[in-house]
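Pasting the structures in now, so scroll down.
Next come two complexes, and both contain chain A; in the first it sits with chain B, in the second with chain C.
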Partner chain A sequence: MAAAAAALLLLLAAAGPGRAVPGRARRDALREELLLSPLPNGDVAAAFQFRTRWDADLPRGAVSHYRLFPKALGRLVAALGVQELHLALTQGFWRTRTWGQPPLQAPAGAELWVWFQPTVTDVDKAWKELSNILSGIFCASLNFIDSTNTVTPTASFKPLGLANGTDHHLLRYAVLPREVVCTENLTPWKKLLPCGSKAGLAVLLKAERLFHSSYHSQAVHIRPICRDASCLAVSWELRQTLTVVFDTFSSGQGKKDWSLFKMFSRTLTDACPLASQSKVYVDISPKNKEKELLEVTPAPASVYEAIVQGEKRTYAVYDLLSPSLFNTSRSLNVQLKWKRPQDTELPTPVLHAQRYVSGYGLQTGEISTLIYNTHPYRAFPVILLETVPWYLRLYVHTLTIITKGKENKPSYIHYQPAQDRRRPHLLEMLIQLPANSVTKITIQFERALLKWTEYTPDPNHGFYVSSSVLSALVPSVIAMKAVDVEQSPLFTSLFPSSDGSSYFVRLYTEPLLVNLPTPDFSMPYNVICLTCTVVAVCYGSFYNLLTRTFHVEEPSRGGLAKRLANIIRKFRGVPPL
Partner chain B sequence: MSGHFLLLKKSNNFSIFQDQAEQFFRSGHTNNWAVLVCTSRFWFNYRHVANTLSVYRSVKRLGIPDSHIVLMLADDMACNPRNPKPATVFSHKNMELNVYGDDVEVDYRSYEVTVENFLRVLTGRIPPSTPRSKRLLSDDRSNILIYMTGHGGNGFLKFQDSEEITNVELADAFEQMWQKRRYNELLFIIDTCQGASMYERFYSPNIMALASSQVGEDSLSHQPDLGIGVHLMDRYTFYVLEFLEEIHPASQTNMNDLFQVCPKSLCVSTPGHRTDLFQRDPQNVLITDFFGSVRKVEITTETVSLDNDLAGFESNLPKDELATEPLKYAEQLPVAQIIHQKPKQKDWHPPGGFILGLWALIIMVFFKTYGIKHMKHIF
Partner chain C sequence: MAAAAAAAADEAERARGRRAALSFAAIAVVLGLPLWWRTTETYRAALPYADIDGLGQLPFQLAVPVAVVFAPGAVPGDLPKALPFRDVQEMEISVNLRTSITSRYEMIYRSTTAQEEAALHVATAQEADAALRPLQDASLGALTMYVVPETSSLLPQGISVYVGKHRGALVRAGGGLAALRTRLRQLTQVMSFTASSIAAALSDRVPDGQLGPDARRHLKSSLGYEITFSLLNPDPKSHVVDWDIEDAVSRYVQPVLDKLSLVANFSVDSQILYYAVLGVTPRFDKESSSFLLSAHSLPHVINPVEARLGSSAASLYPVLNFLLYVPERSHSPLYIQDKDGAPVSTNAFHSPRWGGIMVYNVEAPASPQASLPLHVDVDMVRVMEVFLAQLRLLFGLSREELPPEFLLESPGSEGLADWELDRLLWAHTVENIATVSTTLTSLAQLLDKIGNIVIKDDVASEVYQAVASAQSAMARLAKGHLHSAFQASKEAVTSSERAFFDPSLLHLLYFPDDQKFAIYIPLFLPMAVPILLSLAKIVRETRQRKKEPTKMD
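On to the complex of A and B.
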């Protein structure tokens, strides 16, 4: 008893962020990070990442004590045999051409893709249960995910974590492009964080500022990772990422200077006590290799240089756990001023894409995708994954891929036609993009007429086609070294890097809004009224004329009052009533 | 003598316990639930969402937790592209009160708010995969508050401009709830045009109903906000919200005050109520019996000592199995592997149907032409 009490006291005395208790190693750790990057056109992107790493074997169900890892997600992984889970809820669209390559992009709406363990026998049943449970946790209508919008990609969406083999029958992918993201999705997301929104970087997450933005994406990623360099044991990693792009022109009254207080209406006061690392990175990379045109206050304690997405970048680092940071003032308000005006020419990203629907009328149409490779001399392949709902009937014989005026045959093509009301179209192609070229992919479709109960309550809004996914290994100008996940910032270790000559990027195109031939839903009422009127007037009068009989009617003598009145009138000499 | 004294002391203790037991069961309910429904879609029906959120806000403030509230909003106003202040829903003009707040959990949103889902929530006949936050897990000791708002008419309430629920269906749903003992007492509030027609058909016991207008009258909206461009609240719910803002979890205000909340001078329509199915006198029914969640706490004087020997806990966990060779990450874009990925060959099935018939016809014609004895040249 005394020994246990002593151990408890020792534990309490040594409690502090990141310090290992002698005799008992902490099995889970939290790192939080905020990356502020000014975008080429003057807007500013803020990317939060909260990473909880847990050295436990979740699928075997051997855990019963949850500390930093949220219990709701831990039990989900254990019960349904999930190998990897990625759920993203996004409002807005990342404009690659003006904002540059995204660190981690998600399509508009809700996107869920899951790899299941090989031990799961009925993947579809587990998928349905998973989407229902997640819809309850995140207050999103993920229960609308069913076979009509789920696909099994065969080449895209390889696992981002440790994987034994990649049998694509264990993968499911679904997008709900109509899903709205609002505070009710942010609230449960914040509740999964160990510190909630009370301390650390999460105090900046106020809904009124976050949703007044051009792009808001919050995601949850669960995957198994190597526990250490030898990679003989598995740890589970939960990353909660939130990316938001603020339009500084409209919120800064025309000036491009920004500060944490202007963006979030809050400043940072301390780090999360449960975090082992809590840092803010500000991208101060000089453009065009000239001297800096950005000035950051307060002066950063250190500067970090890294090669991210093929470019050399410099970051100012603020470590919230270092005691010297809050010496001068109790709060940290990072401010950035532009020293000289921005160049009008924006740098174009190496890979970007655009998609649109063309055609006229409500019968046919054409979906066109344009993929741009702006690298001056390197060609690279890209996998395009398109999921089109069944009510837009694609004609695959009209699929054309044209690059620089000539036809470009894909090295791999997988097409799964749709079945009405059962599954959507799936088109996956591996296309080689020559250097400095534009590739145009077009396919024609025909619109189907739905049954009248299948229309949504607002059918004249249109029907959404979810974004197509482009996965590519973009060659980088500078060689990149392999990152050590534990030592480097979180935003560099999103995708596992294979070799230093290229980096993996996943882009999404715009979602499409297509009008289907919509009936006039007031017509049944109109038809009933008209028919009943016609029947009543025409047939009714006919029937009356044919069947009405006429009788002669004696005039009635009238009631007592009338007879008395008549007697009085007779006396007066006036005609009777 | 001492034995007699002991007996007196014991009976004293007994009466104390009896008092406590009586207090515990006076109002008859042990837990509170709320089902708040907004049935209208489209931006110009902003006020219906604001109505529902004001009741949600009051109910949360008075103590009912999110796990006991089923909130159904048929459209999203806060993050609607037409909302000049995103993530907010205001109830007063000049944007005084944001009823959406920072801590809101909507259980049924957008297309999920249908008559079928609403009736399934009430009666509990819900598919097994529905998560807990979407269920009404009430028992026979629950007091339930049901608030509905939207566009209605004489005998029906419109859901999302595409379907309706009638007063007969609603009354039958409540009867199902009564027969399954899913409520102890039920307070039904409705804020629509001709709202009183919705409670005309109730026939189950222990239901009290309030409506914002009588049959033949319209419920009117309160005030528009020129910055947002739409009407923000309906009159009846506006005055109910004002009334509820003064209630705190320990207040003793009773239902009769709620009945007087909106006189005709303020509301223009005549609010109505129905208490004939309710067993207690409305004078004795506290507002917090339905809007609040008064927890009954029993204080015990025993001490319980917890075992603080956690040191041995984690060492009892089974050791993780280590792999024999290092695990690796999958390649994100293995081009060679993808190109050589062959599609799975379908198993060969013998031809059936039309093809079989066609082949049978060809073979028959062949043998008829050349005679069956020529078969030996083939085989």
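On to the complex of A and C.
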């Protein structure tokens, strides 16, 4: 051992002194952000975003050294040739109608969509492997993603980051609407944060509060982005987002006031020491042009104004890294009080949708989707994506799209019929929504009979049909400026904005719950028993017939007919019978 | 007459009934039972049970080709034959009561060629080693030993055996053939395998108590390893720690791994974990005003850290973790104590088959008012020295206790001498074959115990493949072809693992017996009862008929 150590000393001395250069330029950076926005109906939405940016290309299989970027995800991206990865785990449903446009919505359950790099030869295999590994990392049932719930949309999901081509064969999209999200999914998600839940904004992420809410959605987005304005090199970006909606209105005795402590039962004491930016934004946009309706304490150091989703909004900003913030008090407990009760009229969002299943009986039914465009004078197109499991057999000839009483012809339609037990229906349409209109899309279906092993353990609960996805460029009322991703707050910069006149919105409708004809599950055994009984009865009589011994009973004098016959035979002189 | 005819007819009828019942029973037995058996049996392809049993005995023969080359003036006087000649020495290594391993040293004694003689005419042993290298048999496992005259100045004073970087050694002659032979045997064992290294490779089979303390430290043989360096910084508020791991890996670790790439695939990565704390609160020592971790608390250190290390989701290879722990400001400096209470000089410890941890103390700033956070640049030379030593330990490459007259050349920038690689290959080949035998034997035992396991044809072919590869590996070991034997043993491991973990084995495993009976009884009971009853009746009647004639008499 001593000899070995000495040998190594020699070796290391020969190799030269370590070349640790002090103050090397950091190649990765972390930004954390919390956006608190009071919703129109009195609830409060809190949207956390943690963004790790790494100025390195994740190459395949080379030696990799991670600092802020989590190793588990980095290795996954490198090993499986992932171009872009978006995973969301959601409990509850974002009510667009009463809560307004979501900062980042996700469908109930688990949603995963991935763009693979063009070098990946077998995309399906990589997809299967990826979903299995993610299932392990996030403790979610993503391993149930298979060909029966995976689709390849052609128009709805474009890469959000840098991409050379958009060959949609490299895209896979799957939703598991049955997935229940809970603490065991939150813990691994928090573990990916460089500061864990030990410091910074993440200290607020306490499971018992987060899951005591109307809506909880946690997501991971990985994508390549431009390193700088010239875009000659690629950086990788990991965004971990968590959106939660607290029902403060009904739990707070009808008051809309809230504070950080009331919502999270924690307050902020410091920023994550690794973060280069750590900010809390509170939406204090004046409603109905009346200012000074609400009051936030402590008084914000600065106010940020921006046009977000077509509306001019004002945010109070608390910079956790500024030393003055924690000078007066040791912790930050943002509070919001309404000075006088607000009028209850809810503003309606420009685009919202709802979906339901109708019909009676267990044979046929109809899926209806209503899409509302409440814009007073602008029409805009929307891409609708429907994924329907194979056991609902869609009749495409019954597809009708009606706007204002007239038929609306989609300008693009892509339909991929289902194959039993192999793949789901995929229906994508580009529909023009006239100004101030409701568009109703209906399609009829027939329910298939499943094999008895294909039913879920609680078949009478029904079968979920995942949310349909609406993607649209909604025209903005106010012209927007192009934003610099590195400078603007995170909540404005996930979706790339195309131009100043419109903004991108992706909405999800409700998932559907459809009852399928459910058999009596003891039936197979009953059939076996019945068949066996029939066989046994037939067999028994047959057996009896063949093995019974027949005795010839010799009658003493025979019957009347025989006696008569014998008398006649005697007369004729023939021997008797 | 009529009565007799009636009786005869009756008897014929009864016989017909009997025949019918018997043929029913016969059809049920001859046709029905096999049909039922065939249609419900679990498919099982034939497996080479006898060969698997044979493998279980581990009939190893390890042959080491050794060339002993005498320089002029070094030939002992009492040689039995004139040079060159061959000689075989055998040695038994007993592993347990059932298994023992024969090692054969196939010695070729010859005198030097002119080139070798020229190569030996240099000033130092190092130069001789380098000059002799191209003249040696370069195949893995083959050793060449040069016997130099007793008065040779090649070897330093007091050293009689010099082991080079490659597969050659220099031995000082003297003391006749018997003394030379013992020295050569000792040297061969150092450069190939010893009884204890083989026992460590077969540690699963060696009875407890016979193993040395180091035997269970070695990593299990595997097709690949993942090496993860993690920097734990539990206090990022006070310490900003930077390490130039990229450079350190390419400088110090990669040469070793390049050499080891023959043994397995390696992947190296590193990460920095913040707010990762040890599971033990260190004790404050007033005398030295430092914090101490005692040896008995070390087992509890790893668990809380392990949860943060992250599993290797993308591969199935075992992970080797090397952690560099920079203690919190409130707990520094932190020292590890050994069992006697003395501080460990390297401030590091290793955990068998898991990895190593090193505590890296940050020097306290000169002025206590120095602004936080404190910038720390890790001295990677100091760290890598410890981690490389731990890496060698974990691979079982630690140099054993040797007599003082042995001198081992340091492996230089390659980090590993050729003969050390051979040692690793010997041990891993033996361990691989033992693993294959264990895997296949337990598969055979499982099949014997649980009737519901399906063996498909492809699984069976994997088993055949594994057995064939293991047998060929053993055959090559017996011939001394170490490299091809190792390759074959790797193939055998791959095939046997694939067969053992094939998911198709479990398809019918959870079909409980009570459900089977519930399905069979409604059919089998009504069918079997009449057959059994009529058979019983026939037996009864035959017995009576046998009795009746004796009564008549």
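Just so it is clear, the second predicted complex is superposed on the first by the 492 of 577 C-alpha atoms of A that agree within 3 Å, B and C clash if a C-alpha of one lies under 4 Å from a C-alpha of the other, contacts with A are read in each partner's own complex, and residues count from 1 in each chain.
Throughout what follows, a contact is a pair of C-beta atoms (placed from the backbone, for glycine too) under 8 Å apart; a residue touches a chain by one contact, two chains touch by 3 or more.
Note that the structure is predicted; figures quoted are calculated from it, not measured.
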Contacts of A:Cys529 with chain B and chain C, given as first, second, both or neither: second
Contacts of A:Thr166 with chain B and chain C, given as first, second, both or neither: first
Contacts of A:His65 with chain B and chain C, given as first, second, both or neither: both
Contacts of A:Ile137 with chain B and chain C, given as first, second, both or neither: both
Partner chain(s) touched by A:Pro273 [first = chain B, second = chain C, both, neither]: second
Which of chain B and chain C A:Thr549 touches, first, second, both or neither: second
Which of chain B and chain C A:Gly100 touches, first, second, both or neither: neither
Chain B versus chain C as contact partner of A:Pro511, first or second or both or neither: neither
Intersection of the chain A residues that touch chain B with those that touch chain C: 4-5, 7-8, 24, 63, 65, 133, 136-137
Chain C - residues contacting chain A, complex: 2-3, 6, 9-10, 13-14, 16-18, 20-21, 24, 228, 236-237, 242-252, 267-272, 274-275, 308, 310-315, 373, 375, 377-381, 384-385, 388-389, 392, 398-399, 408, 410-413, 415, 518-519, 522-523, 525-527, 530-531, 534
Residue numbers on chain A that touch chain C, as the complex places them: 1, 3-12, 14-24, 61, 63-68, 70-72, 75-76, 79-80, 133, 136-137, 191, 194-196, 198-199, 270, 273-274, 525, 528-529, 532-533, 535-537, 539-540, 543-544, 546-552, 554
Partner chain B, residues of chain A touching it in the complex: 4-5, 7-8, 24, 27, 55-57, 62-63, 65, 91, 128-129, 132-133, 135-137, 139-141, 143-144, 154-155, 158-164, 166, 178, 180-184, 187-188, 206-208, 210-212, 226, 230-234, 381, 383, 411-412, 414, 430, 456-458, 471-473, 495-496, 498, 504, 521
Of all residues in chain B, those that touch chain A in their complex: 41-42, 76, 78-79, 85-88, 100-107, 109-112, 129-134, 160-162, 308-311, 313-314, 317-318, 320-324, 326-335, 338-339, 341, 343
